[in-house]
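Supplied in structure tokens, the structure appears directly below.
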Amino acid sequence: MSKTFVADLRAGQPVRSSFLAQKIQIRQKRTGEEYLFLVLADRTGQVPAVMWQSLPPEIRALADGDIVKVQGVFGTYQGQPQLTIARLRKASAEEIDERDYLPCSAKDPVESLRGLAATAGTITTPPLRQLVQIILDDPALRPQMLEAPAATSNHHAALGGFLEHTASVVGLCDGFARHYPALNRDLLLTTAILHDIGKLRELRWDRVFDYTDAGRLIGHITIGISMIEGFLRSIPGFPDSLALQVIHCVLCHHGELAWGSPKEPMTVEALALHAADNLDAKMGIFLAFAQHAADPQHPGWTHFHKSLGRYLFVCPPALPPRS
Amino acid sequence: MSKTFVADLRAGQPVRSSFLAQKIQIRQKRTGEEYLFLVLADRTGQVPAVMWQSLPPEIRALADGDIVKVQGVFGTYQGQPQLTIARLRKASAEEIDERDYLPCSAKDPVESLRGLAATAGTITTPPLRQLVQIILDDPALRPQMLEAPAATSNHHAALGGFLEHTASVVGLCDGFARHYPALNRDLLLTTAILHDIGKLRELRWDRVFDYTDAGRLIGHITIGISMIEGFLRSIPGFPDSLALQVIHCVLCHHGELAWGSPKEPMTVEALALHAADNLDAKMGIFLAFAQHAADPQHPGWTHFHKSLGRYLFVCPPALPPRS
Amino acid sequence: MSKTFVADLRAGQPVRSSFLAQKIQIRQKRTGEEYLFLVLADRTGQVPAVMWQSLPPEIRALADGDIVKVQGVFGTYQGQPQLTIARLRKASAEEIDERDYLPCSAKDPVESLRGLAATAGTITTPPLRQLVQIILDDPALRPQMLEAPAATSNHHAALGGFLEHTASVVGLCDGFARHYPALNRDLLLTTAILHDIGKLRELRWDRVFDYTDAGRLIGHITIGISMIEGFLRSIPGFPDSLALQVIHCVLCHHGELAWGSPKEPMTVEALALHAADNLDAKMGIFLAFAQHAADPQHPGWTHFHKSLGRYLFVCPPALPPRS
Amino acid sequence: MSKTFVADLRAGQPVRSSFLAQKIQIRQKRTGEEYLFLVLADRTGQVPAVMWQSLPPEIRALADGDIVKVQGVFGTYQGQPQLTIARLRKASAEEIDERDYLPCSAKDPVESLRGLAATAGTITTPPLRQLVQIILDDPALRPQMLEAPAATSNHHAALGGFLEHTASVVGLCDGFARHYPALNRDLLLTTAILHDIGKLRELRWDRVFDYTDAGRLIGHITIGISMIEGFLRSIPGFPDSLALQVIHCVLCHHGELAWGSPKEPMTVEALALHAADNLDAKMGIFLAFAQHAADPQHPGWTHFHKSLGRYLFVCPPALPPRS
Amino acid sequence: MSKTFVADLRAGQPVRSSFLAQKIQIRQKRTGEEYLFLVLADRTGQVPAVMWQSLPPEIRALADGDIVKVQGVFGTYQGQPQLTIARLRKASAEEIDERDYLPCSAKDPVESLRGLAATAGTITTPPLRQLVQIILDDPALRPQMLEAPAATSNHHAALGGFLEHTASVVGLCDGFARHYPALNRDLLLTTAILHDIGKLRELRWDRVFDYTDAGRLIGHITIGISMIEGFLRSIPGFPDSLALQVIHCVLCHHGELAWGSPKEPMTVEALALHAADNLDAKMGIFLAFAQHAADPQHPGWTHFHKSLGRYLFVCPPALPPRS
Amino acid sequence: MSKTFVADLRAGQPVRSSFLAQKIQIRQKRTGEEYLFLVLADRTGQVPAVMWQSLPPEIRALADGDIVKVQGVFGTYQGQPQLTIARLRKASAEEIDERDYLPCSAKDPVESLRGLAATAGTITTPPLRQLVQIILDDPALRPQMLEAPAATSNHHAALGGFLEHTASVVGLCDGFARHYPALNRDLLLTTAILHDIGKLRELRWDRVFDYTDAGRLIGHITIGISMIEGFLRSIPGFPDSLALQVIHCVLCHHGELAWGSPKEPMTVEALALHAADNLDAKMGIFLAFAQHAADPQHPGWTHFHKSLGRYLFVCPPALPPRS
């Protein structure tokens, strides 16, 4: 059975495919009969679903995050899309491709990682180059880097989002280093590559994007510094003053106390790294919201973005040049 | 008489040169005798000076901003440098080169302006290109653009600073446009070139860097929008929706209400322009402070920067690559 | 068919009248049958409505903002008022009086505008008087001034609200000028009349109160200054320093950066104008909320006002004087 | 000996008058000899003074706040005005008029108090009128009301300033009550008259404007409410709900928690009272600063006002009307 | 009929007990038939309930806060618990024990009050001891103290909560006084006992925890100071300076202007009292939320606490000591 | 030569003692002659000093932080105390006791450390007890712990201040653990002992209290966590979840993002630790300021404390109990 994606469902269409089950609830009608409510999801979106009758006994064993095969019809209920399920069972591992069920970055993580390694090769300060290469080559971190998202929502909340965001920040910083000769390019690129490394332990992405206990209690900035210090210990003779600056840049990359950095940038590299991280995160938020929250009543506009406190306007493309 | 610059004065040295007179005061000794106190300045710095005796009558006609020729000796008083004047008279116009008396940008303004014009030529949206070219070619603005500072203090507070900062923001934005395909390059570069145009009427730079009345009462953002609207009226058929976006970007380039932008960025171009302007201003502040406020008691550090609320650390250059 | 107003509907009553249609949705019952949901509104309020059967085909062509004639019964559903529609069609232009469908100010706009013109006549500084009179007499602006609301919600969100609020601010400022001899009455009254002029282009009020694109992207303060500058250009010899002060007052009328004014009041007139605008807006918010959000569980009190962050207490009228 | 006022001193002039002595210090020259330094003040200003020789023994008994008779010469020292004293003695009570030594309001306090009493007579709610009249007629408070300043600096920092500010706020509130019929005039005027009553115990004005211990530890809002509650107890049958509202208005007259009001306005009268108090205080600050801190280098401007965070611009008077 | 508590209801179980009726609504089905919706509560929790048929006429006389006897069945509706009522009538006074219907503190108020009296006996400064004893012995306040909650929600929102919180703050302050010899123990314990006395008039707890009018308009800090001043007047010769300090401590116990204290602590006792009050309130909030808002999806965690802006983590008990 | 302390100097007295030299400057009189200006300090205070003549050549080799022996006379200059030096030379190591020159805590550090070790012995959770004991027994840290101050100014800015503050926080936390059974005493006391451990590398105290480079760039919270993680690695089998909570408590001990904690307390222990740290720091600031900044013009009061934004009031001791 080939996968039908949420984004491709059409009203009135019969559906026969597998999805990620979320928010599973067994509810009761006024008559006392039970029915099943759940949300079906895959990497293209999500849709509420109901199953009105003949609940098979094994349904009580379903857990959020299971992948289920369903048959049913796609329609609407109270103006909202809804899938009415006729049959449902748990999918077996061989029937599914895990990567179909969580959103994925548009960038190929392997390619992004290869790009970071290439950048690492251009760092001319030996201890910094060594630090970056040890980390990029770490056999335990490597598979995590290839999968991790950069956030649980808002921006780069997709498998591969960690590398997509990191590569983008590195690219911006490389441009800054060309633009401002006063910047120490080696220090800036090193910390651009490493700045979010703590997210590998702050987040989990096993069929849900969420925080780990360490993520909530400690946060990726402090976790990342512990990880980097671990690698620094493995490099004999790494200069202390250089280590201080690496740590300072990572510590300050949120730019302000109120955003969770316990110190504010005191060096030009810390300043530039924060600028790159901030711009890339905000561009990610703008573009994701523009894509998912267009307001049909106000062409060109999105709905109100609560945490930004404003509507966003989607710039139509430039007028064509005069022929 | 060739110019001796403040930065070149040495203790015990006789001085015979011309300087900009500032903060002129005729003071009284305890004995009742009068003496002259003033500050002598040129584009390399400033130094307090006193004249103990034989004040010539014309001294009472001196005004702040006059250029004076002095003879005297450079020494120190209470641990601070001071110039003791023996003779002083007003300099005549032919004796001086005006550009010796205010700090100048390290970048050649003519070159910067040529670069902006070249960038303008790459804008492919005809009305935007036309708008930029009309402004860059405006015969009244051109000499002002070549001279104006970007601020009265802190960063780019030098003749030519306006173009130095503008060219730098344009360079950053060009990099952003290459980095993010979603950005409308034409709109972004247009507004990067124009974003600070209001500073030409917010500031004055006639022997002192200061605000005009309009600068204090209205500010360069609102002034700049008025100027741009004037040019927009001169371009028949400039699309309304495009004009709105140009104005939005300029209006928002300070990024937040608290920093004097009456709206916050709602488009990706406004977001990117603010990021470039903010980074370039902060880099300017960091580099200027690192240069002028090194703290000899704390090698590598500056004194405390009050408005930033921190010390700055001057990153030593990277270690040399392994041979 | 005479108009029955929302405010006059009574439970159990048959209804036969026309209303403004909003939030039109064709929904599906569990059985798969469709039904119509919409909100019916007029200048006195709004009520949800449903039509359970026999949806006429032309219903799919209805758009938000259309005026419809309905027959049905007014009742309640889940404790909320609801109108159950039996028949519905689009109203023709001759059947309706447009002014029945949006809330209207309690003040007669023609009267308010006449009052502003009278005030303008008392301005003794010729260029200021001329500026105000040109604007009040502008044939394009005049019909807009007579109709515009002052906001989309909260206070003076009614046709005619613009003039009601402007006239009230002018009245307060006139009192301030009598109270404080140091105030330049001509400048204060001029800017009181003009302070919100940008709202004529920030808002739209065609069967809905909403922001225009320019309103969202630029805002009424900056728009208003552009409009005033246009009129200033048409007055030969208008003194520059006076123009600066007019613009300063309008620019600062929100009083603080955080409230969208890019400068804070630097003159006593700007200070007084902000005080009048702020008091009148807050009085409008208090009185509107007290009227619409009384909390029956707490006599004398309103519900919690979220943006003000408090409950409001409606002062009972003063005790009668002793006889 | 008639009084010569500080504001009338001219350079080179012999002086023979009495002043308030402040900041008295006996200092030592490098030679070891002692000399006297102090500040001489009266209601028109203050001037530093020195006495170089023959310090009479009784000088060691002088205390800040004493009135002294001096003979000497007025000149300048280091560009600053200074009075050089030849002879000095303490003045006797009969030689002086106390009111010459502290700044006085331009308004006659007796006249202001009479005006408040007249306003009180127009209050038609008997218990409110009674409350105001009891307080205005209180034999202990009356002399304090006639003398008290409204602040120790910034605005209305003059003998009589309390009544000047109170009368001004009452005048503004009377205007508001005419303007907004929804306002309970009796409640608003009552609380306008009483709002700052706590300042009579928050401040002291015995030859210096300063805070009392209660002023620093408790503040005039809480003190004032205690005083009002004391008077309320003396009026049998004062309605509880009315008392609550009186107290609420006084409690909230600073408008925001951050400005020291423990509650924010919940009634329209509290809102209006705050608006009047705030406008009058700010007008006082603007006008006092414009008078005392003009910046000769920037005609029309004051120096930078630190707590307001801006320069102030003194509006030139309106142009004369066309003849 | 013995009481069945909400916390003991089990799905499918028949119920026959009395509860507090809240949020009573008579609703209409689509068919036009009426049904009853209400919330049933007691000191252990609350549950929504419906009665589908045969509404007895006296149901229209029910008011929120009445105690009703119901027969019915406990089940779920749309995944939420719900009680379906078959019969309902108002309970008579003799059938119920009032204390069953509002949450109660786990501490015995009589015991807490006895503890406060014992502490009062250890105060060695006679006027302070006298002040506390007069208040604790006040016959009008005593029953209120024994019942009052400390808040309407969040922490100590239970009958007896006032004394529970007060006793806890007193205990903390007693520890502080032992820890810091610089603290005046008598002043600190006196104000710890009295700090929240105003809550007796700020809150009401007659079958609902809510604010009084005075509570909303004036607040417990100002109310409490009025009450304390009343008692101070009854103690002849109470030292003024001591009274000032008592009032200062109570006034400042919220610690910051933004939290409703019109002054910030200026004495070490005021500082220590605020620290104790703040810690005890926050501990109360943490422990209550940890108990009621555990998130089953995140073991060890609560749901997100909106006003604290974070999740809470419930520390598992310490590991057992090594044997 | 026995030490004469700054606090014991009396006007007119000859002085013959050694002091710490600070702010050394060689200045020039108007005549061109040089004189020496410096500040002399010891653990009891500091005083400015001048040496008018016969500057010995070795004076140019003096550096801030040197200990010098001086002969001279103590007097005043311009109302300020000043020591006039007749002879000066550098002291030899054997002439001085280093501990005379920096302020010392009133608590004996050895005693405080012994107390912490005793507390550690009461921790019943083996891994926590082990962690604390390893750290307290660390041979490299021990001498630093015995010397370090807790801050460079404001509070506990004295040798031994680190242990004084730590012991006080531990004492408060021990009281909290007795008061609140819900607190995990072992976790709370462990983190109380360790919370400021990073200060040993954030600060330096070699004849001056200052920040290290790591202190400025990284800060004691992040440094401390690195140190603790190092010790955790040395304890086999330390439970991960316990480590997370230890780190969380240390990370949050400043309580708010704005005060430099990158996370806010999510556990009751983190909350309690922050309360103890905050109270002890503020008590330290209050008591130090009350001691050093009494305002003689306002008995009972200090001068204005700028960063606290208020005056402090020194509570007179309680009245004596009735006999």
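Here the chain labels run A, B, C, D, E and F in written order, and each chain numbers its own residues starting at 1.
Just so it is clear, a residue touches a chain if its C-beta (ideal position, glycine included) is under 8 Å from a C-beta of that chain, and two chains touch if they have at least 3 such contacts.
All values derive from a computational prediction rather than experimental measurement.
Colleague: If you tally contacting C-beta pairs, which pair wins, A-F or B-F?
Modeller: Of the two interfaces, A-F and B-F, more C-beta pairs touch across A-F.
Colleague: Same or different for subunit B and subunit D, where same means more than half of the interface numbers show up on both copies?
Modeller: different
Colleague: Please report how many Å separate the Cα centroid of subunit D from that of subunit E, as a whole number.
Modeller: 45
Colleague: With chain centres defined as C-alpha means, what is the inter-centre distance between subunit A and subunit D in Å?
Modeller: 61
Colleague: Tell me, which residues of subunit D touch at least two other chains?
Modeller: 213, 216-217, 241, 245, 248, 266, 311, 313
Colleague: Show me, using the given definition of touch, all chain pairs that touch one another.
Modeller: Applying the touch rule to all chain pairs gives A-B, A-C, A-E, A-F, B-C, B-D, B-F, C-D, C-E, D-E, D-F, E-F.
Colleague: In their shared complex, at which residues does subunit B touch subunit C?
Modeller: Touch list, subunit B to subunit C: 213-214, 216-219, 221-222, 225-226, 229, 241, 244-245, 247-248, 251, 257-263, 266.
Colleague: Using the touch definition from the top, list the residues of subunit D that touch subunit F in their complex.
Modeller: Touch residues, subunit D against subunit F: 25-28, 30, 32, 37, 64, 213, 216-217.
Colleague: Taking the complex as given, what residues does subunit F use to touch subunit D?
Modeller: Residues of subunit F touching subunit D: 75-79, 297, 300-301, 311, 313.
Colleague: Enumerate the contact residues on subunit A facing subunit B in the complex.
Modeller: Per the touch definition, subunit A meets subunit B at residues 124-128, 168, 171-172, 175-176, 179-180, 182, 184-187, 239, 241-242, 245, 248, 264, 266-269, 271-272, 275, 278-279, 282-283, 286-287, 308-319, 321-322.
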